[in-house]
Amino acid sequence: MNVADWSFDPSRTGRRTGIWLVLAAVVVLMATQTYAITNSPAEGDMGHLQKIMYVHVPAAWMTFLSFFVVLVFSVSYLWRRRETDDLIAASAAEVGAVFNGLTLALGMIWGRPTWGVWWAWDARLTSTLVLFLIFVGYLALRGFVDDAGQRARWSAAVGIIGAINVPIVYMSVMWWRTLHQQPSSPSTLDPAYTLGLRINAIAMLLVLIYFIRKRYEIARLERAVEHAAQSAAMGGR
Amino acid sequence: MAWRDDWRRVRAIARKDVTTELRAKAGFNSTASLGVTILILLGLALGPDAQALRDAAVGAVWLALLFSGVLAFNRSFQVELESGALEPLLLYPGPRWTIFAGKLLGNLLFLGLMVAIVVTVGVVLFSVEIPARWPTLLGVLALGVVGLVVLGTFYASMASRSRAREVLLPLLLFPMLVPALVAATTASKALLGADLMHDADAWIRLLAAYDVIFLIATFLAFEHVIEA
Amino acid sequence: MAWRDDWRRVRAIARKDVTTELRAKAGFNSTASLGVTILILLGLALGPDAQALRDAAVGAVWLALLFSGVLAFNRSFQVELESGALEPLLLYPGPRWTIFAGKLLGNLLFLGLMVAIVVTVGVVLFSVEIPARWPTLLGVLALGVVGLVVLGTFYASMASRSRAREVLLPLLLFPMLVPALVAATTASKALLGADLMHDADAWIRLLAAYDVIFLIATFLAFEHVIEA
Amino acid sequence: MQTGHGEPGMKVSGLGKRFGARWVLRGVTLVVAEGEAVGLLGANGSGKSTILRILGTLLNPTVGTATIDGLDIGRDASAVRSRVGYLAHTPGLYEDLTARENLRFAADMLGLGYGSVDESLDRVGLAHVAGDRVRGFSAGMQRRLGIARLILRAPRILLLDEPYSNLDAEGIDLMNSILGDIGRSGGSALVALHELAPARGILARTVNLVDGRIEPAETTLPLRDRARPISVVR
Amino acid sequence: MQTGHGEPGMKVSGLGKRFGARWVLRGVTLVVAEGEAVGLLGANGSGKSTILRILGTLLNPTVGTATIDGLDIGRDASAVRSRVGYLAHTPGLYEDLTARENLRFAADMLGLGYGSVDESLDRVGLAHVAGDRVRGFSAGMQRRLGIARLILRAPRILLLDEPYSNLDAEGIDLMNSILGDIGRSGGSALVALHELAPARGILARTVNLVDGRIEPAETTLPLRDRARPISVVR
């Protein structure tokens, strides 16, 4: 609530590190893609379709990571009531939803030629979709609440309770399918692909951090504008 | 002394909600009828094959409870919002969790009654045979309803105060209820003997854990949510 | 001249409704997401057997449209009731059917968009194979949606002014929609080749007749219903 | 604007209204002449708003009739609506639309051009928030917007339910200038109110609603500051 | 009833409130002493209700602090709530409950006996409709029921938002006797209002809210009939 400690200098928003981040992300991403695509053998059943894995799987990991960030900063918000925590949680949720959507989209694009269907009611697929809907609910809630404080508290609560539910959702949906035939999801991975996967994950992580940072900076700039208006309105008190 | 005052508050809120519901002529009757109507719709949409219907019975009953429950939860906070009664409610002294507890109790009573009706009708409509382990089945039902009411009441306390209340509540609530729905339907099917591959007990434990976890979590979170 | 004024009124009401809906940020997005959520719930409640799910696809899509549509219809009149905007609306000169037509148009636009999303997702989720006669299938969809919107808007005009509005609308509406639901699902199933016993054309004719009859009936009845 | 084809003003005769088993109005008879603004006084719950709602065709009387510009409020309800401006206790605005959008909607519904919209907004002093959503408006600002909608088309007949409540001094002057216009243009107004101070010099006379009837003896000018009804409905 | 353990009365200092990008309050500083009822004047939309809502713990200030009986409205919100009586623009009643049921609910929530319920109803003149549902109540009757809830427990501090609106002469006297009681018992009251006539002889002084601040020069008795704020917030 105290304004005085809000020293925010738009010229020092870390744009430079931002540029390094995005450059690093793009370079690593391109390099790893080239490496992975040229170096990994065509897979037996799927042929070169398997290459989708290099984006699909890291995207899924980044989704989980984002939701974890939402959880941590939501707890922190309710504890310390710092506006920044709310903004970071919101940024992570937005970016996480994008990665979640990407996982779904890539998975479906992959599933069509491999399984012959866009969708199967498999445990992992269903829980990924439910996770996506929890994110959507979180973001919708933010859109429907006008008061900044109320929005922060509500979305923190929804973020935490949603995060608690994620493992339960995953567990329940997995048991739901347990004794039925599994779609041929290659969860066993040939070591030939692991290296490509790992470095791709690092590239994606850089992208994720960059996105969250950028989104957060935008949110902070919006706040800064409001706070500048504040000092003007209070007559330089 | 303090807990007595708190309990009096909880009771007052629950009583007020139930009275309003009963007095808004047939508020209860119509919610129950709606549950039955949804059962019939599900039957029509999924039918007409008799075996398919019997298999769908458990799912249909739970969906009917879910859909009509959502409407009831939204109502319970909307009563506060109409003519701005939420503000006076927030201005009463005393701990705020009593508000949540009161709403919870009211909704539990309301939905409990509704379950009795919808399940009875469902059993008849879908020709469900009552198994020997029916007390366990009732337990599953109770656990499922508690989970539904706890999360429903909690999310309604936010959704009904936002701009898009009708839509926001189910949007937030339904994905959260997936484990409860899956656990309750699978356990019920196992108990009904329709599904021989699953063991009911594991599901019941999951359902109980779900209830306990979210009962605690929502009570803790409510304080932050109800604040103006 | 008169019909121009009337048409202007109709447009103004529809525009206002759509603006409000869009402005209540993501009012549309969230209704569409809700439709998708309901599809998943149905899948989870009815599954996990793949064949059973495929058979249920058509019914599930219609149920998702029904449930999320009901929320949208209720909203459209609730906007009028909040802070008593219905009274000024009734006090404008000019024929009252324009109010109905405006609401109808707004809801039709809204639900039309939603159908596009829910149906696409439904086709993907339930692995529906698109048949050669897909234009006819789209026609069935359109006829079904018109029936849903006409009756939904009409009943919402009454239900939303009663005290138990959330519950009353589906309670009145769902039974009335049974013919449309049965016709639409059966015709769709026939067109999808899943149901070889029924002929789609007869059902489509029924659906068209249903739409025409209720379009006329509701326009005639609205004058009496909206009166204070 | 259409002009009346019958006798101008309002004529109420033998109006009775029952809610449940209780008769709130028991034979209200009242004439408001052309060019006249009449104050309607009465204790809380005496039935002032009920009379205005009946005249505004929002409520049907249980017995009795009333005519406005010679038009029967029951049979010619639609014609009555086209010449009556009614201001209720609550403003009845769309909270998610802006002030201007609210008025444009009204203009569409009334078949008027948008030109009068900004004019009205200016007159009620809301031009500076024309683009803001009504949701955040203060009580008085909402009231003013309601008045702007009222004067969008100049109605011949005004039915005002405690029009001064929530208004500041400037708002009261505005309301009075509207009532003055009505008088000059040969329209008429019926104004329910408790506190006479703001309406000083504006109302031609006041009538008292007691026990569901208009008291025979009418208070005429000069007005006392605060109207004390002689008895209270129980 | 608890009594304050800090300085009695209300102390507001440097209160600022922003809605979106707009600053409605820009540093409100104000002291209401023990036994004093202060009138809060200001144009429509100047921020009177906002001040009352912040003092009533319904809204958080953007900057600034306030204490009530020495209790901070932020940190000791719960203690503040137990000694403040707040009357809003809207009464906030349950329409499907009767008048008596509404008050009994309030008594339950406040931890009071039901004895005071009928007493309160009698004092506001609603005893004859105690068993009727609030839904059919007129504007003034709803207002009176809100007042009955306010006086159920005698609060030390009153925050009243246009308390005279919708009230008839008898209702105004009732409101004034409540304000008189507060003065005598050493409580304090802040009363937002436009029309000073009903409060004549009751308010110790009035302050003007202009441009988000309290005007330095305070109007003191004798009061003018109608308060004209010097400038209007734009």
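Every chain is named by a letter (A, B, C, D and E) in the order it is written, and numbering of its residues begins at 1.
Just so we're on the same page, a residue touches a chain if its C-beta (ideal position, glycine included) is under 8 Å from a C-beta of that chain, and two chains touch if they have at least 3 such contacts.
Note that the structure is predicted; figures quoted are calculated from it, not measured.
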Other chains in touch with both subunit B and subunit D: C, E
Per Cα centroids, the chain farthest from subunit D: A
Turning angle required so that subunit B lies on subunit C, C-alpha fit (0 to 180°, nearest 5): 180
Rounded Å distance, subunit B centre to subunit C centre (Cα mean): 26
Whole-Å gap between the CA centroids of subunit A and subunit D: 57
Subunit A-subunit E separation of Cα centroids, rounded to whole Å: 48
Length of the line joining the C-alpha centres of subunit A and subunit B, rounded to whole Å: 31
Junction residues of subunit E - those touching two or more other chains: 60, 96
Sequence positions of subunit B contacting 2 or more other chains: 24, 163-164, 168, 171, 174-175, 178, 182, 228
Subunit A: positions in contact with at least two other chains: 130, 133, 136-137, 140, 144, 146, 173, 176, 180
Touching residues on subunit D, where the partner in the complex is subunit E: 19-20, 42-46, 49, 89, 125, 128-129, 136-141, 143-144, 162, 164-172, 194-195, 197-198, 225-229, 232, 234
List of subunit C residues in touch with subunit B within their complex: 24-27, 30-31, 33-34, 37-38, 40-42, 44-46, 49, 52, 55-56, 58-60, 62-63, 66-68, 71-72, 74-75, 78, 163-164, 166-168, 170-171, 174-175, 178, 181-182, 185
Subunit B residues touching subunit E - in the complex, by the definition given at the top: 5, 8-9, 11-13, 16, 19-20, 23-24, 79, 82-95, 228
Interface residues, subunit C side, partner subunit A - complex: 24-26, 29-30, 33, 36-37, 40, 43-44, 47-50, 53, 124-127
Touching residues (chain side subunit E, partner subunit B) in the complex: 56-60, 78-79, 81-82, 84, 86, 88, 90-97, 101, 105-106, 108-111, 133, 149
